[in-house]
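I have a structure here, written as structure tokens, and I will follow up with some questions on it.
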């Protein structure tokens, strides 16, 4: 059910445009730029609508105006069916994903970023940053876990830095970061104020494939507070690190977001120049 | 099962009045004004009763007095079946709904108000203010959530301002506002005193279609207090903003409520002049 | 299964007494006064027993003594089956119900009292004060809810004032008053110390027809205390208001209770003179 | 399965003794005094054993020594099957039950004592004091409830006074007293420090036939403490009242216990002289 | 499945040794001393193995060396199947059981010790001290319960005194002692700081045959603390009493343990001299 | 499913290499060193691949280069199927397991180490240190339990000492140590600040074969805190002891880890020289 990115739409459009005669100035890339969020069927529909409009006005070939009018008509229908993201939302998502990617690129020892995209995938996710899967790592050191936390906060830190305001888009990142920090504190004994013991808490889905809820050991209010404080401290430190990394690379962040808005998906190769500059920076 | 508003009752009455001979002074709009809460069947019944009364007193055409007497008789019956709102209740509902509408009109970035009504809909709701549906928004910024909170408190603030006393009518708004504020604090990390972590709490029905109850992570009393305080602070700030907006537009609020009491439903077009004045008001 | 009041017993007795010859001094009303708590079948039985006693002593007509003896015999049996209330209990119930009624009569905006009775109804209730049903009110203002609380405390306040000692008879009133106060505090946002948010608590049966238990949001001890304090404050204020109203009308209260003890049931019409004097009392 | 008291054993023995020839000094009452805890079958067995022993020693009639020897043999067997209470235990039970009875006799308004016994009844109860059943009282005043509490503590107070040491025998009384005090505090609003509200707690079996567990309203720690304190205060006051009553009547208590030890059961008539002296005592 | 003690093994060995010819110096008691933990079948196997070894070396009769070698071979096999207790463990168990026995012997009013053993019985128990069963006592006084607590702590106190270090062997005693102390505090009202009320807690298995879990009454943290403190105080006092009794009889304790190690089981008669000296000791 | 260690791979390789002609310099041990994590089937596959490569380049015998190329090709495939541990991870595991082993070797009274390995076994465990099974010990003294705790912390202490950073690899050790410390505190009464009573907590799987969850006795916050503190103190002391032992033997630790990395498994005999030096130290 994934929708194509801009380049994908150009490819699809070329196939459908072959079948009709076009004015000279009609350009698949311009149409693709007008149609973010269109699925393949929507694009096929668009070409038909434009051809129909041309026929109605007695023209022999389809003009760019026909396409613009058809886009408007279809967008109205699409808005009813499943709302397309606004420009502002798309920009926020681009900033957010580029934030994740830059923090991951800069921090040593984190997995390489393979792909970054603002095409929504599945329910809930507005964009994604794809790192090499890490679930089957055997043994992860504290420093690596802290880096993972910072990457998780990269999107939120980027929004705060560039948009200047938080949004609901980081809820999923926050949930994963909380689960990871809780594991560090209550399962791996990595917080000195809580100590080298485990506390049976509902299992985090992040590092444990079984997803089981462990029986809970009742602990004291003092311990509950120490756990809360340690989790918050880990989260705050990770956010601060992500913010620092992005503040020092703000121009890159905005430039990268612009690229992402334009192409919608960036591969590891396309990210390479940005990554090089990001690593070179200070 | 929705009952018609005043204009709707005029239309229904015209249909039924065609079938009988009327005194000259009989006016469908006057009868409609006497019959808030009447369903279509009640109005058909009313016309029959009035005709019967005229026949009994040997008259050839139905007078306004016949209609008045028939209304009284039917209201008594209706009161037994399902109590019609009192004038005082209807006025409170009108003030309440106009409060929601004005706050929504004034705050930038909130969705436009399409319709506002004091006709009860379904169980529990005494009136309604219809904004463009917002559930399928992808990404909502903190400022927008604060505006939504203020709109939710608009009804309560209007009651406090004009009636000078709170009522049970705002319970549903309070529930929604609490759920939204809780989400801001425990799911979106938007309260600094609670921090950038999530707390697993029973899910709010406001932003999550699944309605699932999340497993609860036991947190400390200190954190529970911080959450309670943050939620209350958000609610208090939103109420204060709504009150400020309405205090500055009190005359508009009362004038709009009078229009609503009279017409029972106002469309976006009918609201336009009020909206323009509300936005102009500095 | 409701048992008849004194007037009802007179009517039933007249039917059965017609069938036997009586001494002149035998008076149905005197017999009814001796037989509080008797059901219709008990009265039929009484007339048969009295006739039997007369036959045994060779008399031709049944004397008042025969009835007195028969009452004693039957009461002993009744006591075994279902204990009849003692005089002291009946007086306490009369004071209690008259307390409810007077507070309801005096407070503006409360529903009119239709009937008041000390005939037990169903299980648990020893008497009742019938107000026009209020469950289907759409919207109730804070002041009205406070008046309802005061009416609920009217019975307890009357017992404290006249009997000088509390009893178990007010348990049901206390439960309803607690549920209503809880709703005011945790559902309608009417207590400033708790704030304009809702707290998910077990639902009160008073205002919500569904009777559902809502999921509970864990809140802090500080909030739990604020809720407890607000509920107690509302209850104490309502009790104080009821006490003040009844103290100013103590003679009326006792006089009304005496009437109720004598007639067992008072209708709205029979209450009218008391109500007029109660309202006049400043 | 109830075992007979001393008088009952005499009656049973007379039946069995008729069938054998006895020495002159053999006395059923003396044998009954030796056989507390014997059931009817045990007594029949005893007479057979004694007769057998007489036959073995070639005697023509059964002597008192034969009975004594047979008792010893049977007691050993009984001890294995179901341990008979020791003298010390029987005395403690007698003191305990007489304590209940004297407090009930002295306190005005408590139900009359019909029977008092140290014959174990059913499982768990070592003795019993029978008052007229009070469950179907409609309305009970605070003072009456306090008297009931004092009666419940009468047994424990008597043990403390005469034996000078507490025992496990009062556990059931403590449970009933706690349930009653809890009801006074959380259901009938009779403790000023807790207030005129109800707290949903597990229902007491004492006053509520349904035995249902009510849904629990979460209340604050401060309220939980106030409830605990109020319940303990009611219990302490009731124990103090019971102790005071018994201290003033210590001789009567011990004399009554001796009578109870001897007869095992005392009826209302047999208690009358003790009751008269107890009430006279100032 | 119980394994025989030393004397039992001698008897079993005699039966099996009859069937083979033995060197003169072979002594059943010496072999029994070498074979703690051997079951009957193990002993039969031992005799066969020893005979086989003698045959292999061409001897006509079985020597003591044959038995020693056979024991070693079998012990290795047994160790695999079910580990035999080490000498150190056996000594600790002997000290532990003798501790229970001496405290029970010395404290007035506790039930007589019938048998004491270091032969493991069933799962978990390493040894046992058998007192006359006390479960069907009707009524137990506070002082008796305190003595029972002290007996329960006798094993632990003996280990602390003689071994100088605690072990896991007292876990079962601690559980029973905690349950008993909890009953004294929350069921029998025997702790003044908690008061004469009951607290519904999970039932102890010690005094209640039903083993039911009672519904729990929520009590305050202050009360929870008072209960914890009272339970710990009772436990500490009982341990102190047991320690005091054993410190004053340390030589007897060690001497008794040596006897127990040697004979593995001591009957009431065999304990009599120790008991006499223990009671004489002031 | 266990994969062979280096020596095991040499044996397997010899079998397969027999079937093909090899260059002289081809050495099974060199190939085994290149193939950690290879299963038997992987090695068979390797030999086939190498032979194929030799055939393709027209060679008559298989060279070491053919094997190196085949290894690279297969590793890429294996990485997809089940990620092989990195060198860094293998070193961390070796340090960790050697830490367990050295602490176990040095502490008196702990069970002898039979085998130590960095071959993953089953799910979750990255390596293992095999001690004689201790589950069926009857009675364990406090000092022994403390030694067990120190052994459990040996891996974590070694990582902290040599790697200088904690990892997720110790989570299982922490869980076992917490369960054991909890047992010492709440089941065996070994913490003076908590006292000689038991607290019903979810059962630890460490010492109790049944794995049952015991009913939980509600205890006070003060007690909960004392338990938490005692558990943390035991854990901290055990970690400190393990650290001290390993710091004094750091060279041995690293040398042992190198041997383990090279051989992957060390038997008791192979460990003997290290053990001797470890015990001799200080």
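Descriptive notes on the structure:
Letters A, B, C, D, E and F mark the chains as written, and numbering starts fresh at 1 in each.
By our rule, contacts are C-beta pairs under 8 Å (C-beta built on N, C-alpha and C of every residue); 3 or more make two chains touch, one makes a residue touch a chain.
Just so you know, these numbers come straight off a predicted model, no measurement behind them.
Counting hops only between chains that touch, chain B reaches chain E in a minimum of 3. Overlaying the C-alpha trace of chain B on that of chain F calls for a turn of 120°, given as a multiple of 5. Between chain A and chain E the centroid-to-centroid distance comes to 67 Å (mean Cα coordinates, whole Å). Centre to centre, using the average C-alpha position, chain E and chain F are separated by 39 Å. Of all residues in chain A, those touching 2 or more other chains are 216, 221, listed in ascending order.
If you draw each protein chain as a dot and join the dots that touch, you get one closed loop, with every dot joined to exactly two others. Within the complex, the chain F residues that touch chain A are 82-83, 85, 89, 92-93, 120, 126, 153, 156, 163, 165-171, 174-175, 177-178, 181-182, 201-202, 213, 216, 221, 224-225, 227-228, 231-232, 235-236, 239.
Partner chain C is touched in their complex by these residues of chain D: 136-143, 145, 187-190, 195-198, 200, 207, 215-223.
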